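Note that chain A is present in both complexes that follow, paired respectively with chain B and with chain C.
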Partner chain A sequence: MTAKLKQDEPDTRNILDTMKQGVIGKPIPRVEGLAKVTGTATYAAEYKIDGCLEGVMIQAPFAKGTVTAIDTDALLAMPGVVAVIEDPRQTARAAQGTANEAPVQEPMTVTYYGQPVALVVAETFEDARNAAAQAKLTYDIEQVGSFDPQDVEAEVQEDSATRQGDLAHAVKTAAHAIDTTIHTEGHASAAMEPHGSIAEWDGRNLTVYASLQMLNYNITELADSLDLEEDRVRLVSRYVGGGFGSKLGVSEDVVAASLAAMQLNRPVRVVMTRQQVFQTVMRRSESAQRFRFAADSEGTLSGFGHEARVSNLPQESFAEPVLQSSDFLYKGENRLLELEVARIHRMTAGSVRAPGEAIGMPALEIAMDMLAEKAGVDPVELRIRNIPDKHPANGKPFSSHKLEEALRQGAEAFGWDGANRAPRQTRDGEWWIGTGMASAARVHNVSKAQVRVVLAADGTARVETDMTDIGTGTYTILAQVVGEMLGLETDKVLVSLGDTAFPRGSGSGGSWGAASVGSAAFVACNAVRDALCEKAGINTDDAEFKDGRLNGGKTFSDILDGTEIDRTGEYEPGDISEDYVASGFGAFFAEVRVNRFTGETRVTRMLGAFGFGRVLNEKTARSQCLGGITWSIGAALTEALLFDPKDGHVVNQDLAEYHVPVCRDVPDCEVIMVDERDPAASPIQAKGIGELGMCGGAGAIANAIYNACGARVLTLPMTPDRVIAAMPD
Partner chain B sequence: MRPFDYQRAERLEHASQLTRPEGGRSIAGGTNLLDLMKLQVETPDTLVDISRLPMAGIEDTDDGGLRIGALASNTATAVHPRVKADYPVLARAILAGATQQLRNKATTGGNLCQRTRCYYFTQINQPCNKREPGSGCGAIDGIARIHAILGTSDQCIATYPGDMAVALAALDATVEIAGEGERTRRVPVRDFHCLPGDTPWRDNVLEDGEIITGVTLPAPVGGTQIYRKVRERSSYAFALVSVAAIVEMDGDLISRADLAFGGVAHKPWHDPRLSDHLVGSVPSAELFDKAADILLDTAQGYGENDFKIPLARRTLSAVLAHATGTKI
Partner chain C sequence: MTITVNDKQYDLPDDPRVSLLDFLRRDIGLTGTKKGCDHGQCGACTVLVGGMRINSCLTLAVMHDGDSVQTIEGIGTETDPSPLQRAFLEHDGYQCGYCTPGQICSATALLDEIANNWPSDASDDLEAAIDLTDEEIRERMSGNLCRCGAYVNIVAAIKAAAKEMAA
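What follows is the complex of A and B.
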């Protein structure tokens, strides 16, 4: 039986708070943690399957043109090679998140360097890789004028544009005005587990073990790619070693392994090499972002302009939504928000760790710091002063708004002194020391989701959904939601995820997983509660579920008397998402040391205060925030994809040369969770967490660098060369 | 990775014999060679495992110096009491490199012979004169962020990426090399690595069949010893620029200034003119600046790495200021 809830109204009952089990919100360690640290959690490419062949993708060594032939005879003559799979159904580039249809196919039509064009299948990985590297391709190359997004035409995305009042006039007549342009470089998701799949075909049905974030969409994308009915396809992703957006859509390895298995009638594994991951997986677009502000003498905004340029391949619809939170974060009746997309032949741009705000917010917050300095206002105060009471353009109400509280709590805990913000006040030997802050904002998303909850005859619960846990804690928080609702300790709740044999969850992406599947589990649990109460002959409103007993009396098992209750819950956001602006808010505070000779920057303290609705598990929530802060440090100081200007390939193709932060770059970080229940965000009052932790943090670091040494660095990452170049001497 | 024969060298002459033919390659810790074999940058026919040869010792020499065996791990060298006491610049340089796990495996010989991190060198479908002579240089018109500014040629602008050898160059250490038969030769570290010139495929002076047996350090000279490595990430990253310095003062005057630089050239860069300029002078900002002028008089940037010229200047000043206790 399926119970459904379409949420059209805020739910202020806070039902979870009335439950008695006391497991919700508790800092319970991740249930799969032990399996992961002991190496017993099986990741997609690790399933032992007899007779499995190994496939490695052949990639195009140019950015634009057509492959007209592959010398398959030569490849088949190479040691160990079993087959060369050339198939027009192969994916040329991965599906964008939630695409829900086959991604771009016809792989021989090449639009970026390193595009997979075919697959070599061999008995061993090494033979397949060698053959793929030696493959002789015949091709026609089309010259690409420039790989630089600043050199080419760009078109404005009209659907995300806001034009209100007269910004130029406001800026001209303002007491304080800012007009600055900030650049950010491209990012890679850089998940630890490379993309990899194993496909098995039994002549009728296909099973693929894959590393994917959103099986509910991926199954459709894969079935559509292969022209198979969906019910003949099964995807399994029980553990995912990091996704960060790079595994949202069905990827090249999944389709290639499937095509090969179907053609050869043998299991085939395709694991991307680290270099292939860097070269072909979606990138975060670089950006150029211009801010124009008009403010009165107190710093209150009357004009707000954010115009940005990002890039993507021709025809790709995704445009890094850098304006997303600028849309509603600050006041300013004269508004101009425009996003334009330059069409270039670097690999596909798509979702990478908090698409949009991850780079939009730091840039915005650097510009705000410049305004605070100009207006002579404490940067914290400037933000508070500019919080609108409703959406500044469309007038919609906020579902809940914790920015001011986050700013105040964060400032206090950090020991923020906003009075004297002149740069270069503190020096320790060669090191300038300074502090900076930034607001955090990330729109809240929820999506339709289904979860099955079974209260078994022995009084324990089983929870099933095709939702994934990409390292965020989904297994654990679902056990907590269900445990709380059904009155069970979490070890009595067995959660199974990552298998399309289960009801369709929301998938992990856009930080929407916990609120979406958590709500679906909540809906299912309400139905289970009703059914059990009916069996016991009492009214659900009078029932207390605790420790496996109803109202402290009979155990569930006694009431069930050998039967079980099986309910699927379906949650769907209704009008609510149209009627309210829902967002996570927060504040970052950073302290840095900047070497006055070398421009090296080390973050010595970092604090984040965040409001993201109900906390489902204090520990996993905190870990999400720490992860976000760590990415903030990477975005601020080290991470940049470098593209060769001649052929557009990614030159830094591994984790030695693409610099994510290492332990030593990350200080002890403090996380404050601002108490919040957001009734319009979801029936469990929770919002997204994961991404919020990086939406602005790099701005706090940039502002701290300025405060430390007077270098206003306007390109991220702020590598030593850029800091030196901006440092006043 | 391609199939290869594996041979364990039982004796030094055996190792030398096996590595003489083209395609014979010694392997020590394997932290560099294996990575390159996976990428098929290196495709040896025979891997000659020298790791069990008795060359891991660290011993005092008759003249008061120290001999570090070719197979001593980087960790063992960095924590050796005499290295820490008498050659701290070496301990610091080693500890500034790679990670604990890598240093546990990495050896003296392997570290000296580690290959460049040039992006184009490691991508076998890109042109690279070092990997494939005559194919061109991908970096010169490409992304040359980590590349050299000194001693480059129009064929190759790669750097020697390591840290340990930079300290060894400042210390004026000597590499011991065993060749065919009983022949051994000794080459100063300062002359061990080559400049790319028109033979960019040559990293160093080793001939086929030659095996490094150890490195000897001269008797300790004392002084203030500094290894300063500039990088964007605070660990697990190669130097953008590094400076190894051994500086001594005699009253107000500089009496010793042995300097070597990493991240700027195809070899640890040692310029004897610097010592001539600095020794006998009173330290000052102007003196350091003039030293940088000398160091960088032939420096050339390739776009993305132009920043290394001012960065080397600033880092040198910082190091000299620190070493001489000068306020600048």
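What follows is the complex of A and C.
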């Protein structure tokens, strides 16, 4: 039986707060944690399947053109090689998040360097790798004019544009004006588990163990790629070794393993090399962002302009949405927001953790720091002054707004001194020391989701959905939501995820997972509660569910008397998503040391204060925030994808050359979770938290660098060469 | 030619191209050791050979004739986890869990290295006894990447486990 809720109104009942079990929000350790720390958690490529062949992808060594032939005879003559799979259904790119259809196929038509074109399958990984490395391709190359997004024509994204009032005039007549352009380099998700799949075909049905974030969309993407009916496809992703956007859409390994298994009637495993992940999955686009602000003498904005250029391949609809929070974050009745996309033949651009705000917010917050300096206003105060009371363009109300509280609580805990912000106040030997801050914002979304909850005859609960846990804590927070609603300790709730045999969840992406599937579980639990109360002959409103007993009397098991209650909950956002602007908000504070001779920056202290609705698990939510702060440090100081200007290939395609933060780059960080219930965000009053922690943090570090040494660096990451170049004498 | 893994003896593979990592993960089914890069850049494949930590992707299985290897499966089990494994659980020293076995193997060796006064870049004095400071932990764990960004909790977990083991 399916119980449905389409949310058209804010839910201010805060039902979870009225429950008695007391597990919601508690910092309980992850329920799957023991499996992870002892190495028994099974990731996609690790299933033990007899007779499994190994496949390695062959890639195009050029950016644009056509592969006319592959010397398969030579490959088949190599030791251990079983087949070379050439199939027009093979996908040439990974699918974009929520694409729900096959990505670009026909892999012999090449549009970026490193594109997969075929698969070598062999008895062992070593044989397959050896053959793939020696594959000889014949091809026709088409010349590409330029791989630089600044050199080519760009299309404006009309659907995200805002044009209101007269920004140019406002800037010209303002007491204080800013006009600055900030550049950010591309990023890689670089999840620690490379994309990998094992496909099994029984002649009719296909099962694929894969490393994916959104099985509810991926199943359609895979079925569409293969021309198979969806009900003949099963995807399994019980453990996913990080995603950060790179596993939103079905990746090339999944399709390659499937095609090979179907052609050869044997199981086939395809695991991407780290280099292939860098080359063939998703990059975050670089950006050029121009800010124009007009402010009065107090720093209050009357004009707000944010124009940005990002890039992608032809045929891709995704455009890094850098304006997303600029849309509503600050005042300014004269507004101009425009995003344009340059079409270039670098690899596919797509979602990398916090698409849009991850680079839009730091850039915006650097520009805001410049305004604070010009207007002579404490940067914290400047933000507070510019918080609009409703959406500054369309006038919609905010569902809940915790920016001011986050700024105030963060400033206090950090010991922020906003009075004297002149740079170069403190020096320790070779090191300038300074502080900076930035706002955080990340739009909140929820999506349709289904979760099945079974109250078993023994009084324990089972929870099933194809939702994934990519490190986000889904296993644990679902056990907590269901435990709270049904009056069970979390060890009495068994959560099974990551299998399309279960009802469709929301998938993990855009920080919407916990609120979406948490709400679906909430809907299912309400139905289970009603059913149990009916059996017991009492009104649900009079019932208290606690420790497996109803109203402190009979156990669930006694009431169930050998039967079980099985309900699927379906949650869907209705009018709430149209009627309100919903967002997570927060504030970052950073302290840095900048070496006056080398330009090296070390972050010595960082604090984030975040409001994201109800906290479902204090421990895992804090970890999400810490993860975001860590990414902020990477985006600020080291992370940059670099491309060869001659053929567009990713130059730094591994973890030695693309620098993610390491343990010593990250100081002790403090996280404050601002108390909030957002009734229009979801019926469990929770919002997303997976991304907010990196939406602005790099800006706080940039502003701290300026405060420390006077270097206003306008290109991220702020590598030593850039800091030195911007440093005054 | 044989190798001992977690006190069990195995024959080494015939193919000399097989890395110690692929031997562990595929040939003998110990998938707790992870492959993140296959090039010695991430630390996910860290195991202990003769009590010392190495990146198992950077060494060939056939080079370990007679060696004794300990993997995450040998460090503790779900019913009998090691103090470090319990501390990672308690302090949420992980998220997706993929780097975690490597982190725990590294941390296991780290505690021995400190006990034996091996200095690092974070040590003030190369000759003196080494204290388990946060900076020592951070420096010595910097070969184990965690893209989930669990470092703050990893440092806390290692400190807590060390304290418990000293008690």
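Here is the rule we go by: the second predicted complex is superposed on the first by the 729 of 729 C-alpha atoms of A that agree within 3 Å, B and C clash if a C-alpha of one lies under 4 Å from a C-alpha of the other, contacts with A are read in each partner's own complex, and residues count from 1 in each chain.
Note that a residue touches a chain if its C-beta (ideal position, glycine included) is under 8 Å from a C-beta of that chain, and two chains touch if they have at least 3 such contacts.
This structure is a prediction, so every number in the text was calculated from the model and none was measured.
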Look at A:664 in the shared chain and tell me whether it touches chain B only, chain C only, both, or neither; answer first, second, both or neither.
both
Contact-wise, after the overlay, does A:43 reach chain B, chain C, both or neither (first, second, both, neither)?
second
Looking at the overlay, what does A:721 touch: chain B (first), chain C (second), both, or neither?
first
May I ask you to decide whether A:656 touches chain B, chain C, both, or neither, giving the answer as first, second, both or neither?
both
Should A:374 be classified as contacting the first partner (chain B), the second (chain C), both, or neither?
neither
Any idea whether chain B or chain C touches more of chain A?
C
Contacts for A:290 in the overlay, against chain B (first) and chain C (second): which applies, first, second, both or neither?
neither
Touch check for A:627: first (chain B), second (chain C), both, or neither?
second
Considering only touches as defined above, state whether A:126 meets chain B (first), chain C (second), both or neither.
both
Shared chain A contacts, counted only where both chain B and chain C touch the same residue
126, 130, 656, 661-665
Applying the document's contact rule, which stretches of chain B touch chain A when the two form their complex?
1-3, 39-40, 117, 119-120, 123-126, 138, 141-143, 145, 230-237, 240, 307, 310-311, 314-315, 317-318, 322
Quick one: which bits of chain A touch chain C in the complex? Just the residue numbers, please.
29-30, 32-43, 46, 48, 124-126, 130, 189-194, 239-244, 271, 273-274, 470-473, 619-620, 622-624, 626-631, 654-656, 660-666, 668-669
Which residues of chain C touch chain A in the complex?
15, 17-18, 22, 25-26, 29-39, 41-42, 44, 71-73, 75-78, 81, 85-86, 88-90, 92, 94-101, 104, 122, 134-135, 137-139, 141-155
Contact residues on chain A for chain B in the complex?
61, 79, 126, 129-130, 133, 275, 430, 595, 597-600, 602, 637-638, 642-646, 649, 651-653, 656-657, 659, 661-665, 717, 719-721, 724-725
